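Down below are the structures I want you to see.
Here come two complexes built around chain A, the first alongside chain B, the second alongside chain C.
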Partner chain A sequence: MKTKLKQIYYDMRHQPVIAWVTFFATAMSVFLIMVIIMMQNVKSAPFAPESCRDRLLLGVNLHVEDIEDQDINSSSSLSSVAARVLYDDIDGVEKISYYHKWMDDSEVSVPGGESCMAQLRKADAAFFNIFDYTLIEGRYYTTEEADALMPLAVITETVARNVLGDAPWTGRDIVIDDRQYTVVGVVRDISSLAMTAYADLFVPTALSDTEGDRDNLLGQFGAVMVVKEGVDFSHIRQQVKARYSTLDAMLAQSGMRAVYHEGPYEQEVISNDDLYSNVTPDLTSAKRMHLIIYAILLLVPAVNLSSMLHSRLSRRIREIGIRRAFGCTRKRIIADVIIENFIVTLLGGAVGVVTGVIFAATYSGLYNDYENFRYGDTPVMGALLNWQTVGVALLVCFILNIFSAALPAWYASSLKPVEALNSK
Partner chain B sequence: MRNEWRGNIWMIIELTIVSIILWFLFTTICTIVNVRMQHAGYDVNDLYGAEIKVVDEDSPYYRHYDSLHSPLTDRDLLMAKLNDNPYVETVGAGSNILTYSYNMYGMYLCHDTVCYQGNLRSVTPDVIMAYKIESQDGKTSSQLADIISKGELIISRPDFMLGNRYYDSSLFKDKDVYWGGDSAIVRHVGAVAYGLRRSDYEPQWGVIYAPLPDEAMPDQMVIRIVHGKDREFVESMTTAEKRAGNVYLSNLQSMESRREIAHSQYNTLIRDYLVCAFFLMIMIFLGFLGTFWFRTQQRVDEIAIRKVNGATRRDIMRRLVSESLMLLAVSTLIAIPVELLAVHYGLLDDLNVTYYHVVTLTTPEIYQSMAMTVGFLALLILAGIWFPASKAMNVCPAQVLKDQ
Partner chain C sequence: MSIIKLSEINKVYQTKEIETIALDHVNIDVKRGEFVSIMGPSGCGKSTLLNIIGLLDRPNGGKVTLLDHTFDKSSDTELSQFRNANIGFVFQSFHLIPALDVAANVELPLVYRTGLSARKRREKVEEVLQRLNMTHRMHHMPSELSGGQCQRVAIARAIVGSPSIILADEPTGNLDSRMGAEVMNILHTLNKENGTTIVMVTHNESQARDTDRIIRFFDGRVIS
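Moving on, here comes the complex of A and B:
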């Protein structure tokens, strides 16, 4: 190993331009791949308050179409009736909560005061059992309070400070869109990167609340579920799919039918698709797109590095010829070239990973494609960096190395000693 | 060049791959930007949008009405208040009237056996005036507003058709149509005008402007203010100014601010594609820098002999530049058929490059992008070989030949 490190050092000193170009190209390639992987990680890795992402399922859409003419259709989130028909009492579900899929831009103030805008989410009491918010004052509203649609609110710390001033905040009244609520709990600010759990304010709703229903089946509700340990998502989906016949029976008189779009969806689908209510999410296409991007980010620098490695090896032809003349095997030459290149790739890769992590952790603009994104929200380190990420980084370096070094190494090893020694 | 054939093949492979990817990225960006640059047909500068809300009857803030008053009289009062504001030019109210809002509440109109489908926007004539909506058939905004006043419909000319049953606006102009296909409800289409788009990055959808009935409560408002009086207007809109009885304005925002939110995903897409293009171009730059650096070092003897035989510094530079551009020419010749085949087989549509835009061999963006790709690559290649070529130009023949 010492000899190989010496060789690399010698190479870098004698061919600094090529060595630095190689190093920089590797670092840049690994940096970009890592940033993309980490952006994906943030969308699917569990972090508070969405610590349950591994077992989370979301059923939020319903699509209804005319049986004879599919151009006549309607789709949105669920009415209270549809939510109950599709998701109540499903086997294998540990916790379920009904909430309004869309948040409202609401005006919040103290009674008689100037208002500020905040994102309001209506959710039942079970919502706080599913997502692990950090309660800093008071309590959450109870199931009984939510069922009775009592005017209670759970707000975030920033809203509490902006609207109510200094603590204590619980027990005080606020006005949200001209309705008066009493603050019962205050939670730590929620990252807008938590796609389902995010809001500035929560007020009670329940399936008895039909205010947001557009018609019998379409409305504002969505269901968020945590499945029991070991239960397969497909088990839940099969039950939901079977329940579409109930919806069809309800729609029969109007000549319409409900279209099943493979729901409810796990976090990977939620994070990779826009979840249009009348389209089946296409995870395969999203995955294929990612693979194409990774392939491009690996292939182009690999061709580049391969070309440069080829040039570097051309300088070492005589050295290789001497080694071959003294009995060094082809396998050994190939292994040496690949290992030397892997060390350089690892060094460049390490720089790429470190700069990638710093960039992904500090530049919040990376995540501005999130719905409701709030500038300044950056992910927690746990969502960015874990053993999986490190493993992927190593794999990327390895693939890059194989892609770029295999052919030049084979070329170098196949040189005949006499030809190599004769070359200039 | 022949001596370097192995290296050249690598460079050609790399250039071909990068050419195709850059072309793909540039085609996407060009298509998106071209849609963005299309004439909108309405003016969102100095325009504010807000939601109109009504206090709930069970709210402690609800004011009970006598027989002479209702939410509609509150609405009129609020509109009058806003019209009295010295910084306000026009106030229009309606339903689904805010651009930069992803509402696709649709309606279809049928004439004989053909139908037109569009995003339904229920407007008062003042909405047309506030947006300064332009006609597509030679009418002024005031004439369009008059058409709405008469209770007639205005439709837009969409850039694409949804489904197979829907047809272009020209078939419906000045015709009586069935509202939602219902022969009992007959309306008249009075004009064709630009439709309010959901985002500047989306092509023109079908849009139906229908008059908002007097007895209907609007849920959105647009306010055109006096040019340059943003700050004064915002300061004048106190809580009291935004309210009349039980009706009040919520989420009052400039259209610029709404646009920023609505465009964020497109801006992100363009940013990501540009970063990708930048990365690839840097790779090409580094590749040429590294390879030509090595190449000029290897060929220092040849360069020295050329100089001894009378080649000028410019000749040396020209030789290296022409070698590198030759590589680009070969790779472009390989890349172009691949790109045309990709268009021919609809691969760009499969990759969701273009939103409701069918890219065919006659689409100008694909050729613009080819030219851009070759241009950018040529510049980067020249930049990449400049340093090695300068070194080669400065070779001292006597010294090199003495070393030999």
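Moving on, here comes the complex of A and C:
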């Protein structure tokens, strides 16, 4: 082991370019892998305010079509009526909240003041019960207030500062898209990585708000549920599916029916699929796509490393010949090449991991999924980085090593001792 | 009783257009404890012969018998283990591993031997280095040694595993006459004191005359 390290050190001094390129190629690829894993983590790992991701289900889409002609169809979010039919009082649901699926890019200002843009989310009071925001001033609006659609607002700290200046902010009036609201609560900025929970402003809505409903049962609502501990998602889905017949009955006189697309969806589906409202999400093909991309991402550095190792080796062929002459077996040569390469890969990998950690700490805000998220870029290091991420990166390191060391090792061992000895 | 027996050995090198017959029906017998030198003009097949005796290369025809073993069906592992246990090589250009210090170079054959503790290996290394007066250079790198010192290290490496055969291909070829004489002394001492069988290729007539027997080669054939 000590001899191996010395050998590597000698190598680095005598073939600096190749050794360093190998080293950095490894570091880069491990870093790349970590970034990819972190991007995946961010999509599915629970973190505040989406601490409930493991038990979260989203029912936000409805697809209706003409019974005779399926080309006549329509799909979007739900009307209040459809939301109630599909999701009210489902067995096994611990909490449910109704909210507007799409946020509004809104103008916000103090009355008569200059306005700035912010993402507005309309949600009922239960929304704050599902997502664990950090309240730093005041309170959330209540169910009664939401049902009455009172002009109250919960805003984020950055919006509060930008629009209202210094604290205290509660009790003050703001204008959002020409309507006046009173601030009742201020929450800490929300990471835009929390795709469902994110917004800059919250104002009340409730199923009693039927303004956006259309005849075909489409509208503006979505439902977000937290399932009881231990309840299977399929138990929820079966009930929802059964309720589609009620929708069909309601649509019958207009000659339409509702198409079920395996909803409501869990976090993994929400984050990995584009989630068109008229298509059943296909997680397997999305996963396959990911796998292919990862494989390619891995293959590139592996091929690169392999050729690097190869040229490093050909300079050491004579040494291999000497070792063979004094009794080193072919298997031992292969094993040694792999071990030595593994050490280099590990060292490079360590640098990659450190770079990854620094990256996560510095740029976690870059993981924004939508360009128009405005203020929410609070770092979520915890979600980005964990032992699993580092573990997988090191595992990848190992796989990379196998890939890149196998070929040159095989080449090195296939030489006759005399050929290796006499190589120049 | 012969320790090395070559019968009807052929070796042909096939390169693009030319076919070189390096060894042509060679028969050689070396007795245990003998010190044999091989002489002949450049390109007549001396190194090829030594490589085949040393199991570093396989002949195209004929049979190699070493210590009553034949190797027609031997696997790479078996050949490697046989080399490790029974053969020590000394090369004209020393062939030390530049990344390893003197002690580690000498230790090499022991590394590939099973059942030797690191301490035991170290002991043996120190023992042979002492014998060759190289103990003070133990932790030097090969690049810090003179040619004669390098060859002494190489000899130490060849004998550390106590092989019964030593194959030396022009061991003094890169050395001045004083250092060359020193190396020859070491080889003779080995041959007398340990009874090690030595086969040495040389271009030096007087060195050859000091050995037990001279085998003369010409164009891949033994001529006397």
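Quick note on the criterion: the second predicted complex is superposed on the first by the 358 of 424 C-alpha atoms of A that agree within 3 Å, B and C clash if a C-alpha of one lies under 4 Å from a C-alpha of the other, contacts with A are read in each partner's own complex, and residues count from 1 in each chain.
Here, a contact is a pair of C-beta atoms (placed from the backbone, for glycine too) under 8 Å apart; a residue touches a chain by one contact, two chains touch by 3 or more.
In this text the structure is predicted, and so the values were computed from the model without any measurement.
Enquirer: In the superposed arrangement, does A:Val418 touch chain B (first), chain C (second), both or neither?
Expert: In the superposed model, A:Val418 contacts chain C only, not chain B.
Enquirer: Considering only touches as defined above, state whether A:Ser314 meets chain B (first), chain C (second), both or neither.
Expert: first
Enquirer: After superposition on the shared chain, which partner residues are touched by A:Gly327: those of chain B (first), chain C (second), both, or neither?
Expert: second
Enquirer: May I ask you to decide whether A:Ile296 touches chain B, chain C, both, or neither, giving the answer as first, second, both or neither?
Expert: A:Ile296 contacts chain B only, not chain C.
Enquirer: On the superposed three-chain arrangement, identify whether chain B or chain C touches more chain A residues.
Expert: Partner touching more chain A residues in the overlay: B.
Enquirer: Tell me the contact category for A:Leu394 with respect to chain B and chain C: first, second, both or neither.
Expert: Touch status of A:Leu394: no partner.
Enquirer: From the superposed pair, tell me which chain A residues show up as contacts to chain B and also as contacts to chain C.
Expert: Residues common to the chain A contacts of chain C and of chain B do not exist here, since the sets are disjoint.
Enquirer: Considering the complex alone, what residue numbers of chain A touch chain C?
Expert: 3, 6-7, 10-11, 14, 318-319, 321-332, 416-418, 421
Enquirer: Give the list of chain C residues in touch with chain A in this complex.
Expert: On the chain C side, the touching residues are 51, 54, 56-58, 76-77, 80-81, 83-85, 89, 91, 95-100, 104, 108-109, 111-113, 157, 161.
Enquirer: Per the contact definition, I'd like the list of chain A residues that touch chain B in the complex.
Expert: Within the complex, chain A touches chain B at residues 15, 17-18, 21-22, 24-25, 28-29, 32, 69, 71, 105-107, 114-115, 117, 175, 177-180, 285, 289, 293, 296-297, 299-301, 303-304, 306-308, 310-312, 314-315, 368-369, 373, 411.
Enquirer: Flag every residue of chain B that touches chain A in the complex, lowest number first.
Expert: Of all residues in chain B, those touching chain A are 6-7, 10-11, 13-14, 17-18, 21, 51, 53, 55-56, 59-61, 117, 162-166, 239, 248, 250-251, 264-265, 267-269, 275-276, 279-280, 282-283, 286-287, 289-291, 293-295, 298, 351-352.
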